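Below, each structure is written out as structure tokens.
Two complexes come next, and they have one chain in common, subunit A, joined by subunit B in the first and subunit C in the second.
For the complex of A and B:
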């Protein structure tokens, strides 16, 4: 096998690494005078932009009803099988509503496919990123946790209208 | 045989066949809404338009008779253009209901719209509004907006159910379907219209909104509602049966099944009164016990009686395999008192499908040997024997003799030992000393013989505690494939039940016999080897559509 030669050997100056160290120190020095990006969590909390994909939630209209018609497309498209929907009949105009809507947050991978496929814009990704549970059962969020008033989700709905 | 050319392929046809039939027999599917192989031709949907050489205009393939030398194009530019135009026309007033429509996933309109639709609408006007929740008879809700006026349901009720109950009213885009004045859509076959409806206009009240079709697994089975034995598909999600639909078998039920069979036969599978585990009577109360314990106790108790004091009751609800195992078990104990009860509702029969014998396997039970021989007792003889004190122990498999008559119920109370296998609690199980949990038709392999002498297979669609969908080769939905024990959508209850033949095998081992069956198939091959009518058959030969037994016509009622 022929001996491979480096394209360019470092000269003695380069081998000492001094210029590189100086460059690095300069960057550090510069950063010391830039504004701080680290947040002192949990005293200071991150307010994500509208494009952020936090936990999926169900949109609740001002009159208290959900938008979801339990079509099951989110459950079908979910690559992690996190969503379970059981439909039932209602007297309201939309005919169907989810009697049961459960998202297993241990399965959810926050991909946002459910939001993308939803024909009613009923399931959207929220800004909520603080998910804590102590056992498997608590990780399954039912309608009580999923339904969120529409006023808290305006930014995301606006974002979807613009970019979806 | 005459031939015609479809899409460059030479196909043979029988004289009198239409182009769509000839193409279908050759495996070429021409889109259609209003055509059905078993109904008259209406030709109103126009979606089956095809280009035929030497014809001045496109022709609808459902009412154009195939002729020698005809050259048909089902995918030519002209044909596709016409089909797209027809689709656009039908979709003008069709609502965008797919997310809330039960038909979604098995909807012809959806499929053809996907294949031939433009993907967007040029229609800017407001769509027609019609009534969306019309109760059409006891089992059906009708959504007038979704209806594409193909008239299949009208023709079905007229030609197959032979009850002229439905009709079109109004004209143009206001046209809708209703019952004739004073009529209700209440014949015995109404739900077949839900199956043939190409859109979601007719929905099954019982199944409405229960599940999306792609969430369920479907398994071939046979209806247990009467001795017709209609071929069915069992749709299961989370180990629960959600609906039954008919499966095409031209020799038995064609495309149809009755409403009673469709709605009521599967309700006994997932219900609160299922027998879940074995029970032994202790201090006058039935108490839960392990199956092994119950088997030991039953074997010990049976040994205390002479063979002349024991009687067995088989069942026309049980499979041939179960009944054969019972016959063999009785032989092993030298018991000759063997009978089963018929469940006939005289007069409840028509010349379409419904039979007055309300059991799926009375012929099969008789053929495998559930009958009294010379010097032994039949069912009335057993009843008499119990009342006279000659019969002291009774073994009942998958039937409810106490419900036959008050005398029988009283007699059962007199017995020293009553052992019952059953699927659900009933009057006999409440009187029993030992109750074994039997699998239902949906939880086991086996065969039924219908009134025509046709042997047909049932397959397990619901898992019991001892079964595993993957290992037992059962049909699986996506949920079944990927579910774990932690997923709530995969925790449907599995009943602790076994097929009767399995319980009998366990019992016989305690009594020192050679019955060592592991699978229902082994029992069937033994039946095929020992009983002439079944000679040469096995599960593969029975297949999906069943096999005719070689029996004398006089046995057939």
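For the complex of A and C:
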């Protein structure tokens, strides 16, 4: 019985390696002249698409109030236990608002569950990816840092209505 | 010329060569990073100085300010000696490589080579063999298994490829009938470049040169995935910089050697027929030498970023079963050329 020839066995031309090496080097030479994909970061900044999950923020209506009703679902669903909500009554009947809303950005894993679970569309993921803090206390973001005007979040809200 | 003039001229030549070599090394590191970036559609170093041109100096200063660690398991004298052997070998090889035709400057006739010795090629071969000791000592004296494996691999690889390297050079020597690099360059006038007359020898020599300088695809001594850093795993600070410098200096020397032996050295074909002035011709010839070295350095870097590393057994079988027989075939080919055409 003749020895079966395997597909991966090279012929004498292939064993020389040289044609393949030349092919590979032609490829690298070609890619030397392709445009770069790198952004020169501090000067040029990446503008993420609407689907991007940056740091979670609270939506602030044009009149200055937040949408959040302090139901606590986001805190319940958060897998990293990063969110802490403390509810309080408003003057309106049966309405509540978060007296304290804190996200520990050292714990947050940017999963977006809080956004998914929110019944009021009050917490959404923003495009903000530059998170810097010098100590652990600064990493706990309170309402002052979390409330973002709704105009800055239109793209994300639209994305959520389309695909959520 | 009296003895003092000879000494002073030689010292100036040595100074120029060392400065040039250091600059070449610094900028081949820079271009290594730049070209790798271009191949991968990145930008590469661009922060230190204009277009990142001061990057190599920043790297060197960073290395010098780092802590110099000698492991407790190391053999201290040999551990310290090893990088200096590597550096010494890398820098002294350049002494016999001619950079241009003899020139007349300030009334002196100057050969553009530090030492025009009649056994130049033998000197180069002897020194590159010495280079193995630097790496083997570094591997053994570090007292680490990764270093030891890297050092042993390297010595086996360099000794194996030295054989085919030596046999490829034999073809060149047959052609020029001299061991002096100056004579070898002069023998390649016109289009009589050895690369054209003996292409097989050229290929075997270039492949062996890659193996001798431990460059990819033959950089098994420092194969990062399995050996961490190979023979220089346990080195830091200035001593690591020494090995780093030596690697790139070896690359520059390998390029210069390939140019001298196979690509006509400083010769530009038929330049004398253009009727240019003596000074201009000389300048063009010297520039062509640097251009050829630069092109080969680019080739070294280009290959590194294109071809994956060989497996160790593939490396050995390529060295002994392919390159060595090819180098022998080349000798017969050159001998036949000489017999038939009386070259």
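We take it that the second predicted complex is superposed on the first by the 138 of 164 C-alpha atoms of A that agree within 3 Å, B and C clash if a C-alpha of one lies under 4 Å from a C-alpha of the other, contacts with A are read in each partner's own complex, and residues count from 1 in each chain.
As a working rule, contacts are C-beta pairs under 8 Å (C-beta built on N, C-alpha and C of every residue); 3 or more make two chains touch, one makes a residue touch a chain.
Since this is a predicted model, take the numbers as computed values, not measurements.
Trainee: Once the two structures are overlaid on subunit A, check if subunit B and subunit C clash or fit side by side.
Mentor: Once both complexes are aligned on subunit A, subunit B and subunit C fit side by side.
Trainee: Kindly classify A:89 by the partners it touches after superposition: subunit B alone (first), subunit C alone (second), both, or neither?
Mentor: first
Trainee: Please work out whether A:104 is in contact with subunit B alone, subunit C alone, both, or neither, and reply first, second, both or neither.
Mentor: So A:104 only meets subunit B here.
Trainee: Let me test your reading of the model: by the given contact rule, A:35 touches which partner, first (subunit B), second (subunit C), both or neither?
Mentor: second
Trainee: When the two structures are laid over each other on chain A, which of subunit B and subunit C touches more residues of subunit A?
Mentor: Subunit A has more residues touched by B than by the other partner.
Trainee: Going by the contact rule set out at the top, does A:161 touch subunit B (first), subunit C (second), both, or neither?
Mentor: After superposing on A, A:161 lies clear of both subunit B and subunit C.
Trainee: Return first, second, both or neither, reflecting whether A:24 touches subunit B, subunit C, both chains, or no partner chain.
Mentor: second
Trainee: Once both structures are overlaid on their shared chain, how near does any Cα of subunit B get to a Cα of subunit C? Whole angstrom is fine.
Mentor: Scanning every C-alpha pair, the shortest subunit B to subunit C distance is 36 Å.
Trainee: Kindly list the residues of subunit A that each of subunit B and subunit C touches, one partner per complex.
Mentor: Common interface on subunit A, subunit B vs subunit C: nothing in common.
Trainee: Any idea which subunit A residues touch subunit C in the complex?
Mentor: Interface residues on subunit A, with respect to subunit C: 21, 24-25, 27-29, 31-32, 34-38, 40.
Trainee: Which stretch or stretches of subunit A touch subunit B in the complex?
Mentor: Residues in contact with subunit B: 69-73, 75-76, 81, 84, 87-89, 94-96, 102, 104, 119-120, 136, 140.
Trainee: Applying the document's contact rule, which stretches of subunit B touch subunit A when the two form their complex?
Mentor: Checking each residue of subunit B against subunit A gives 98-100, 104, 132-133, 208-212, 214-215, 478-479, 482-483, 486-489.
Trainee: Which residues of subunit C touch subunit A in the complex?
Mentor: 35, 38-43, 46, 302-303, 305-307
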